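Shown below is the structure under consideration.
Which chain is which? They are A, B and C, in the order written, and residues in each are numbered from 1.
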Amino acid sequence: MRQLEHLIDLDDYKKADWDAIVSLAQDIVKDPAAYSQRCSGKIMATLFYEPSTRTQMSFQTAMLRLGGGLIGFDNPSVSSVAKGENLKDTTKVVSNYADILVIRNPMEGSAKAAALTAGCPVINAGDGGHLHPTQTLTDMLTLKMEKGRLDDLKIGVCGDLVNGRTVHSLLKALSCYKKNEFTLISTKELRLPDYIKDIITERGCKYREVFSIEDAIEDLDMLYMTRIQRERFASMEEYERQKNVFVLDNAKMSKARSDMIVLHPLPRVDEIASEVDADPRALYFKQANYGVFVRMALIICMLEDRIHSAPLLKGGIPEGKACANPKCITHTEPYLPHSFRQTGAALECEYCDSKL
Amino acid sequence: MRQLEHLIDLDDYKKADWDAIVSLAQDIVKDPAAYSQRCSGKIMATLFYEPSTRTQMSFQTAMLRLGGGLIGFDNPSVSSVAKGENLKDTTKVVSNYADILVIRNPMEGSAKAAALTAGCPVINAGDGGHLHPTQTLTDMLTLKMEKGRLDDLKIGVCGDLVNGRTVHSLLKALSCYKKNEFTLISTKELRLPDYIKDIITERGCKYREVFSIEDAIEDLDMLYMTRIQRERFASMEEYERQKNVFVLDNAKMSKARSDMIVLHPLPRVDEIASEVDADPRALYFKQANYGVFVRMALIICMLEDRIHSAPLLKGGIPEGKACANPKCITHTEPYLPHSFRQTGAALECEYCDSKL
Amino acid sequence: MRQLEHLIDLDDYKKADWDAIVSLAQDIVKDPAAYSQRCSGKIMATLFYEPSTRTQMSFQTAMLRLGGGLIGFDNPSVSSVAKGENLKDTTKVVSNYADILVIRNPMEGSAKAAALTAGCPVINAGDGGHLHPTQTLTDMLTLKMEKGRLDDLKIGVCGDLVNGRTVHSLLKALSCYKKNEFTLISTKELRLPDYIKDIITERGCKYREVFSIEDAIEDLDMLYMTRIQRERFASMEEYERQKNVFVLDNAKMSKARSDMIVLHPLPRVDEIASEVDADPRALYFKQANYGVFVRMALIICMLEDRIHSAPLLKGGIPEGKACANPKCITHTEPYLPHSFRQTGAALECEYCDSKL
């Protein structure tokens, strides 16, 4: 039996596989008509256990542009889930209806759990605050198309760097390319976690930390904006004092280079002023559109076995140990085998990556 | 760059364009198979911010019958809207995914607002109580197919003529054709507004007002039924006394001509008795079906640039003025440029058409 | 005008028609590609007035695999239904948009009511606790594929046999095949109703009643598991004492024959332990997949007029009589003609089959 390819975590693939996806996406951008029947007769199921129209429509558009069909739900109260069905049963059944399955679920590790028993390839479209690999592929395609390269870039990332899933994933991926330099822009409380800083350093890249957009913007090739939620500030006074420091407007844009580009994973709320939209360097809407092309490339690579991932569970299964992360999928789906990998002295859960 | 065509208001087009759409729809009725791949490879997005299965399915069916694909939402709580995204950002992104965008939104002027920044043609599928142009095109195709003409018709319209969006739009459109005569059937409190009566007269048509269906039905070519909501009557006593006067039943139908047709925009509640459905002159279900054909024609005309509208915003943008209509989209989307046109002594908002 | 075929109740068709559907489904299983454009250009509408993702996705997948398109709703609060539209009007309009209509509605007899005025074939995808014929066709295809026959089988059915719609329908259907023997496994309170036992006997089959899975499992060709809801037990004490007797686990499976198969209509909750999923005799996920193939066959048979049903209403319409079942569709849709058939001394409602 053929080994199914899943995209749960970009780290399950080699860099050459990422490059293959991005490169195919570039080909599709050049000549989309050549791919318009590539997945004719295939069906994609989108199982969205929490709302994300943007991501769901992006995947649906990708499949339609390849000539495929669509099933799925975006409202779990309408599904068998409402009758108490577990993730495994839903996945088993739907993955036999469809040729490829896209899942978003608020529990961390849920996409991996689904992949364990799925009858078709599974794509992680966001498992809680944990991973969102197709956003990172989108960001990589945007850089490749707009800057011509993924290495030797001066990259600013701004927002809540403690909790920002898209930022973590982007920094980890771009650290694998040579000579990238990162400028981390956040409040003191919302600085990037040490373990990601360590990854950046280990992979041979540099970073610096600053506490306002203005301190960073002059020398950047790309500024990646994300939101800081009001609740994340230390206090209401702190929020009032600092909020504008992390909002991008025309005044701050006037200090940036003429070839700097601004990206954002969207949806945006207030962190980029509306006036910036008219600036030709504001590429976040174009970036959303690249998201369709990179997902087209990903679907082709998975259905045609053009990329090859590591096994879903690599570590052993220590008797009697359970993950301590309350958001881990192993708590709501008790039939799942516990599995941990040894990382230095620590055990890490193979579903949600949290340390025991 | 190509100027995109949008359908926000029928008045943005010349009568020749309406006739072109209706005429193409007639061709499609005759030979639908000839159009079954006309939009192959194209995608329609339906963004429905309030429920309207009827209208949404009608557009979806039209696109499928042309060979196209579908994305969209019908439940804004499930979309990025729920995360606070504004109309502009949703429109920008989705109009890059799709080739044509259909929007229904409860705020008046919302479809025009969406069209201002959309990357593809936009069709207004209802912006609150303001406009619903594809219903009027449906009504026109029905008349053309069933009566053979759009002029020289005796037309009765019954229901809440103060607030009836579909009736206003139909009367304005049919006033552009010669020798049409309108019979306005409503309670005294729910009579047609003066400004629409003025339009009818200016365009050279006649109208009369009556206060029951029986006073009007004998001499009509077409009776257009709509609902009067209970709350619209002056009092509960008034409602009890008058309600049957505005309900169509077999007894009233017996007084109509044998070639009179009955239309209704649907959904109906009680204003047409179930018994009337079996009457061959009851054409409201057939009319709903014509709605698919006219939308097929409209999609083709817009995607193939066969019709040409006036610019979205024509007037100047007086400094410091804001629209006073609380339902106007400019109140919930503050980034929108205010824009008014001079009409006699008054300024009219170019989004919701209300007077300043 | 062509007489439309509807699938409301399997009993409206002759056994030869069931066999034709199952046989075509077997052909499709063998060579699905040969059918991939069979319904190209056709549209299926799925009107789901209550949640059932499983059934809805199964129909949608079937139509996509035949090359057709999809419209529909799964959330009545979003539809015109929310504006007070009756079932007749919704059906009339949507059945003119689509080529085939699939309906699920909690009222008993609703699918037949819809079929009475539909403009295209209607498939009953579940009308409350009354009928669910495509589940039974799925079960029959599974037996045919996995056991090679529909007769001469030893079949166990386990669960709530009083209320189990899928079990009733399966027993009635399989009683039409020779030499089938049924083992009815339930609590004393949840035994199969007498009228179904009578049908089994009349049709020449045998049954026995037992009160635990272990009493039955040794000699079965197929065990059909369904759920017993906690509330159905006589008391909480009774539930605690008995619940495990009706749960299938590996221990019980160890007593079954090596060629016994386990089926379940899904979704399952606790009645089959997760550990059983790995047993090669556990075929409920495969069964769900057969559901797609049998629905493909059904759609073809209906669109191509390959099967022929009895008229929807056969009996007379006794003046002044109304159905007494509060869940009957005739109560919520008052325009429906009452209709009863004479069965012995009793009158049975032709919508919900309950006795007057």
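What we mean here is this: contacts are C-beta pairs under 8 Å (C-beta built on N, C-alpha and C of every residue); 3 or more make two chains touch, one makes a residue touch a chain.
Keep in mind that what you see is a predicted model, and the values were worked out from it rather than measured.
Chemist: To lay chain A over its twin chain B by CA atoms, how big a turn is needed, in degrees to the nearest 5?
Modeler: C-alpha superposition angle, chain A on chain B: 120 degrees.
Chemist: Suppose you list every residue number at the chain A-chain C interface; are over half of them used by both chains (same) or under half (different)?
Modeler: Under half shared, hence different.
Chemist: Any idea how many Å lie between the Cα centroids of chain A and chain C?
Modeler: Computed from C-alpha means, the inter-chain centre distance equals 42 Å.
Chemist: Which chain C residues touch at least two other chains?
Modeler: Answer for chain C, listing residues that touch two or more other chains: 75.
Chemist: For the complex, give me every residue of chain B touching chain C.
Modeler: 33, 36, 51-54, 57-58, 60-61, 64-65, 74-75, 266-269, 274, 277, 285-286, 288-289, 292
Chemist: Considering the complex alone, what residue numbers of chain A touch chain C?
Modeler: 41, 43, 45, 69-73, 75, 77-85, 88-90, 92-94, 96-98, 335
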